[in-house]
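Following this line, the structures themselves.
First chain A sits with chain B, and in the next complex the same chain sits with chain C.
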Partner chain A sequence: MSNASQELIEIDIRGQICPSCLLTTLREVNQRQAELKAGEVSLRVKTDSRDATSTIPAAVGNMGYPVTVEKREGYYLILIDGRPREGAAQGGAMT
Partner chain B sequence: MPDHPYVLIGLASFLLGSAAGFVMHRSDFCIAGMFRDLFLFRDRFMLRMLVLAVVASMILFEAARLMGMLSPYPFPLLGPPSLANLVGGLLFGMGMVLAGGCVIGTLYKMGSGSLLGALAFAGLIAGSTVYADIDPGWSALVAATTVFPGKVTIPEFVGVSPVLLVTPVAMAASLLLLRWYRQDRWQRRSAAEGYLQPWKAALALALIGMLSYVLVGMPLGITTSYAKIGAYIENAVAPEHVGDLAYFHAEPLIYRPPLSDVTVRGGAGPVLDGIAAIQFPLILGIVLGAACSAVMLREFRIYWRVPLRQCVSAVIGGVVMGVAARMAPACNVWHLLGGVPILAAQSILFVIGMVPGAWLGSRLLTRLVLRA
Partner chain C sequence: MKDGPSTTEHLAPVRGRTPPGEFDRLRAEVEQLRSQEKRAVAYVRSKVDQLLRVIGTLPLRPEELDDATLLALDPIGILAESFAQILQHLQEVSEDRAQARDELQAIFDSAGTAIVVVDSTQRLLACNVRARELFFQAGGETVGRYLPEVFCDPSGPSAECVYERIMRTRSSHVRDDFLYGGRHFHVVGTPVKDKAGRVCQVVLIYTDITARRLAEQALREAEARLKTILNTVQAGILLIDAETHVIVDANDVAVRMIGDPRERLVGSVCHKYLCPEKEGQCPITDGGQALDNSKRALLTAAGGCIPVLKTAARLSLNGRDHVVESFIDITASKQAEDALRESEERYRSLYGNMHEGVALHELVYDASGQPVDYVVLDVNPSYERILGIPRTRAVGARASALYGAGEPPHLDIFAEVVRSGTPACFETLFDPMQRFFSISATSPAPGQFATIFEDITERRRAEDEIQSLAYMDTLTGLPNRILLQDRLSGALVRAEREACLVGILFLDLDRFKSVNDTLGHAVGDLLLKSVADRLRECVRKSDTVARLGGDEFVVVLTSLQRELDTTLVAQEILGRLAQPYAIGDRDIRSSASIGIAVYPLDGRDAGTLLTNADMAMYAAKARGRNTYQFYTDAMNRRALERLDLENSLRLALKRQEFFLQYQPQVNLSHSRITGVEALLRWRHPEQGLIPPGRFIPVAEETGLILPVGEWVLRAACVQGRAWQDAGLSPLRIAVNLSGQQFKQPGFVDLVRRTLEETGMSPELLELELTESMIAEDAGETLNRLSALKCMHVHLALDDFGTGYSSLSYLRKCPIDRIKIAQTFVRDMSTDPGDAAIVETILAMARSLNLEVIAEGVETAEQFGFLRSRQCNEMQGYYFAVPLLPQDVERLLREGSVPLAKRPEGHV
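And now, the complex of A and B:
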C-alpha cells in the first residue's frame, strides 16, 4: 500500500465563473483532507482562469499542502499534492 | 471642409480601449471580482489596487485640469445626485457579481474566449434596451429625488476650487497606499504567464482615463452604446415601438470635444452619432486588446461545457447590470475611474450603493448558482 500509486482526482473547471475555481477546489480539498494528508490522493485542477493560478496556490498552500502550477496548451494545471510520506510502513505515521 | 472630431475621438478611444483591454487581461483587473472576493474570501488585495487606480486618477485628472487640459469640466453626461444613483449602484453591484464580471470585465473576458463573458454581454445589451420602456417612470423618480440641481461635484456644492478638496483626499489616500506598500501588499504571486502586477495596471488605467479625458473629452464610458446596439436590433423588428420610445430620441450628450470647434451630440438611439463615435471603437478596442493578449499567450480558447446555472446567472446578471447602468446612469468604470476622481456626487452615491449590491450578489451566487 505504501508504494501504490496515488489516486489522481481531476477537477476540470475550465470556462466556469471565476469564484467557482477557488470554491470548488477548496470544497474538494476539505472533503479529501484525510486522504490528502495520508498521501493517498492528489488533486489536479484544470483551469483557464489566470486569477485562479494566484488564489488557489495561496489558499491551499496556506492550508499546508504543496501546490505547483504548470501551463498547458490553453489552460493551467494546478497540482495539489498529497505527498506520501517516505519510509512510512503504515500510512498515517507522523514524521 | 469642416474638421470633424469623430476621427480623433474614434481613434483615441480605440487605442485607449486596446491598451485597457490588454492590461486588464494580463493583470485580471476585474472590478466585480474585487468586491466579490472581499465578501467571499475576505481577500482585499485587488481592492487595494482599485484604491490605487482611483487615487492615481484623481491626481492625474486634477493635474491635467490645473494645466487647462480638461474641457469640459466636469465632463458631460454627469448630473446632480439623486436616489437613482444609489439604487442603480445597488442593482449594478448585484448584477456584476452574478454575471461574473463588470462592464469592462465582461468585455475583456469575452475577448479572451469566455462563453460566460459573451452571455453576460448579450444580457447587458438586452437589459440596456429594455430600460427604454421604463425610462419615463424612472426619469420621474430621478427628478423627484434630485438634490443640488445644477451641481455635479462636491467642490461645486461647497463652492470651492476642486484642488482644495482633491488635495487632502489624495494625500490621505496616498498615505494609506504607502503604508500598504511598506507592508508589501502591492504585489501578489502568480503563476500565470505574462502576469502583470495589478499595481501597474492600476496606474496604466489611471493614465488611460486621463488621456481619454484630454483627447475625447471624458473618461472611459461604455454603456450608453449598449442601449444603442439594442435599439438597432429592436428597430429592425419593431420600428414603430422604437419610434414611440422617447429614450431612444433623446440626445443627452451635447458637448464640444477638446481640440475641436464642432459640437458633438449623441444619445441611445439607433443612429451613428457622438456616442457611437466614442464608445463603439472603445468597446472594439477592449475586446481586441484582450484577444491579442490571450492569443499572444496562447490562452485564447472557448470552453463550451459550462454548467447551465452559471450560463443563466451570466445572462441574468448581464440584464440586471444593463438596466442598472441605464438607471444609475452609467457603469462602474465611468463612476469609479471617472466620476469619483473628480468627486462627482452621482458617482460617490453609485459606489456606496454598489458595495452592498455586490454583497447581495455574492450571497446569491454561492447559494443559488454554485451550490447546485
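And now, the complex of A and C:
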C-alpha cells in the first residue's frame, strides 16, 4: 500500500530490549497516529530484540495497523504501514 | 513526581547550617519522601507491567529502564494512548464486520444459485431467495425444515446423498446432475467445521443447469443428425484444407466411391482423386472463385474414372480456410442422356418414315383445371398426307379450330389417357372427311399425348360386308342363326344379372311350302320379306327377330317381368301375320304357329331354350295352327286360366259379382266396435268365391284395379252413409288402396267426389296405404296425403313393419294410425323377435303420437299379449270374422264387443 508520496520514518532502537522497544515504538505510533491513518507516513523500526518481533506486531496489529517483519542482516525491520479506512473495510469483508 | 529527583539535590547545599534537630526532622522527612517515591515508582512499574501483560508482552525489568527514565518516558501514558487506539480499531473492525455481514447477506440473496445451509441434523439454518423460489414454493417458515423431507424423493433414483457423503468424508462434494422438480441441478456441498474440526454446518449450492443440459442434448442431437445427414446424403463430400490441399475429412459416400479407406483419404492431397488432370490449378484457391460447379472426373483407388458433378465452396472452419467439395456420380444420367438423344433420333426417323399419321398434342386446361382443348406440338409427314393439313398449319393450332366443328374431337378420351397414363385405342368416324380412323393414344409426358392414326375406311367397309354376310340373312336382312345365338346368350346373361325373364318365340309359317310350290320361289321370298317386316314391327328395339332359314323365325323378348307377357306378343304377332299380304297383283293369306319357351323356367342356355321353343311350336301346329303354345303344360294351363280370369274379371263389374264384407275393429278403451275394414269379395258365377289373392294381382296387371278400386270406395261410402242414416253410432270404415289407384291422376278428386256424392262423412272414411306406396316419390305423395288430410279423411298405414319403415317419413306424413302387420301378431307369443318388434312398434307409435291397431288377432294369448302392452285397438277372428253389412248392424245394436271364442276373465 505504500506509495511515492508516503514519508518514511525510521526508528532505530537496536540495543534496547523489550518491552522498552515496544514502549518506544508505541510512543512513536501514538504520536504519528493521525498521519499513519491518513496513509501519509509509515514507520520502519529497526530492532535487534527477538521478543520485539512478536510483541510489536501483536500490539500494533491490535491497534489496526498492518505490520510486517523482515529479517535483515543483524537486526529485524518492522514495517508499520498506515492505510486509508476504506481499505480496512474491504479487508474486513475478506476475513 | 517530576520534582522528585531534584529534591535531594536541592537539599544538599543546606547541610551544615541546619540545626541538629531540624536536620533529623528533615532527614526523617527525606526518608519518608524517599519511601513514598519508591512506592510511587513501584506502583507505576506494576501498572505498566499490568498494561504490558494485557497488551501481551513481558514485564518491564528495572535494569531495562531506570526509574528516572521510566518517569520521563511516561509508559502509562503511552500504553493508555495505545489502548485508546486499540479500542478505536476494535470499534472500526466491529463496524466493518456488520457491514460485511450485510454485504454477505445481499450477495447470498442475490445469488443466481440456490444456497441452503443445514446443520448437522439436516435442519435448515438458512436459505437464500432463489432457494425459496425453487424448493419452497409453498411458502411458510423454512428455517428448521428437515432437508430430506424437501429433497429426497423416495420414488426417485437412489443416488448417494451429497449431505451424507460430506458428513462421511468431512470434505466438499460435488454432484453434477441432481434432479428436482423436473429440473437439473449442479450441486456443490461444502462443510463448515467448528474449532474441534467437526462438521457443524453444510452449505449446499444448487445451480440450475436445466437449460445447459437441454442445450447440450440439443447439440448432441444436432451433431448426430448432421453426421447422419452427411453420411446418408447421396453425394460424396470431402473437406479440404485450402492452403495445403490436404483432405481433412470425408463422408461415407466419398469413401465408398473412391474405394480407399478413410485413413488413407484423410491426409492425402485432393488432386490425387479429384480434378486430377490440372494439378495445382484449383478453381477456388488458384482461380479465386467462391464457388465451382462443374463436371469432373473422380479417380478411384482401383484406377477407375467416374464422371462426377462437383460443387466446391470455400468456407472457414476454426479460423482456417477450407474448401468443401461435394460430388455426385453422373454415370447413369450421362448414359441416360446419351441414350435419350439416340432414342429421340431413332424415333424421329421412325415417325418420319411411318405410314401411319403421328401427332403430338398438349392438353389445354381452363382456370379450374379442366381440360378444354388441345394443341398440336408436332406431326409427321404421313399426318400431312392423310389429313391433307400441312405441318405449318397444324403445329401450334388448337384442335377445336384445326379439326373443324369448334369442339376438340375425343377430348374426354385423350384427357383420360393423360390422367391415367393408360393408352387407349378406338375407331372413329372423322366427320369432316367422312372417313374412319383407327386411333391409338399414349401419354409420353405429363399433359401431353401422342396419337397414331390410320385411315381404315376401306378396311371397315370390307369388314362390314363380311360381318353382314356372316351374321345376316341375306333375303330378309334379319340376324341369322349365328347372330341369334349370340344375341340370345347376351340376353340370358343380362336376365340372370337383372333377375328377369326372357321369352323365346319359335315361329313357323303354316303351309308355306304350298305357297312356294304353287306360286313359285320368287313369291315365297317376297312373302318371307313381308313377314320379316311385320315381325320387326311387333317387337321393341331391344328384342331380336331372327330368321333361321326356310320359313322359321325366332323372336327373343328380353327383360320380361311376367311369363304371361309373352302371350301378349304372341297374340299380336298372330294377329299381324294373319293379315293379307299384297304381293304382285294378288293377296296372299298366311298364318303362323308359335312355340314359347321362357328362361329360366324352360331352360337356362340358348340351345335348350331354342329346342324347347321348337317343340312347343310343333305342339301348336298340332293344335290346329294360327295359335301359340308354351313348352310346359303348367304354363299352358296357367295362360289359359289367366286368360279366363282376366275375361271374367272384365265382366265381373258389369255383372255385379263384387260385394264387400266388413271386419269389425274393436277399441278396448271404449269396449266397443269403433270401426270396420271393408274387404272386397268376388263371387264367380261358376267358380264361386275367388280368393282376393288370386284376382287382385290380375286386376293390377290388367289395370282393372282402377275401376274395381273406385267401385270399392263408392260401395263402402254408400254403406257408411246408410249406417249413418240408420242412426247407428259413428263407425269408421277403412278402405284398402292399391298403389296404382293412389298414384292415378285425379285420385284426390275422386275421393272428394265420392264423399260428396254419397254423403259419407269424411272423418269416418279411413284410407289404408302401404309403406311402399308412401316411400316412393316422397314429394308428390306428401301433397296427396296432405290434400286428403285437409278433407279430414283418416289415413292408416297397413302391414306396418314389413316394408321400408323409415321413421323420417312416418314423422313427415300426416298418418293417423298404423296397423301392425298380421305376420308379427301371429308369432309374437312364440317368437321373441316378433314380440320385440310389436313392442317396438307400440312404443314408437306412442312417442310419435300415432294410433295403433293390431290386425289378425286370433287367440287369447295374442289378445292378452297386446292388451298387457296397452295396444287398445285390435281386429281379427278373435273378435269377429268379416261380416255382411246386416250382421255388422246387428252387432252394433247389441252394443257389446264380439268375441268369437270368449275366453274367461277377458273383457
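Operating definition for what follows: the second predicted complex is superposed on the first by the 78 of 95 C-alpha atoms of A that agree within 3 Å, B and C clash if a C-alpha of one lies under 4 Å from a C-alpha of the other, contacts with A are read in each partner's own complex, and residues count from 1 in each chain.
Everything below uses one rule, namely that contacts are C-beta pairs under 8 Å (C-beta built on N, C-alpha and C of every residue); 3 or more make two chains touch, one makes a residue touch a chain.
Keep in mind that this is a model prediction, so the values were computed, not measured.
Of the two partner chains placed by the overlay, only chain C lies in contact with A:M63; chain B stays clear of it. Looking at the shared chain after the overlay, A:L23 reaches both chain B and chain C.
Once the two complexes are laid over each other on the shared chain, residue contacts for A:T55 go to chain B and to chain C alike. Of the two partner chains, chain B is the only one touched by A:G15; chain C is not. With both structures placed on the common chain, the touch criterion links A:Q33 to chain C but leaves chain B unconnected. In the superposed pair of complexes, A:Y75 makes contact with chain B only, with no contact to chain C.
Shared contact residues on chain A (touching chain B in one structure, chain C in the other): 17-20, 22-23, 51, 55, 58-59.
Chain B meets chain A in the complex at residues 25, 28, 30, 33, 36-37, 40-41, 43, 100-101, 113-116, 188-193, 195, 298-307, 310, 313-314, 365-366, 369-370. By the touch criterion given at the top, residues 14-20, 22-24, 48, 50-51, 53-55, 57-59, 69, 71, 73-76 of chain A touch chain B in their complex. Contacts from chain A toward chain C in the complex involve residues 17-20, 22-23, 26-27, 29-30, 33, 51, 55, 58-59, 62-64, 85, 88-89, 91-93.
Of all residues in chain C, those touching chain A in their complex are 52, 55-60, 64-65, 73, 75, 78-79, 81-82, 85-86, 88-90, 92-93, 96-97, 99-100, 103-104.
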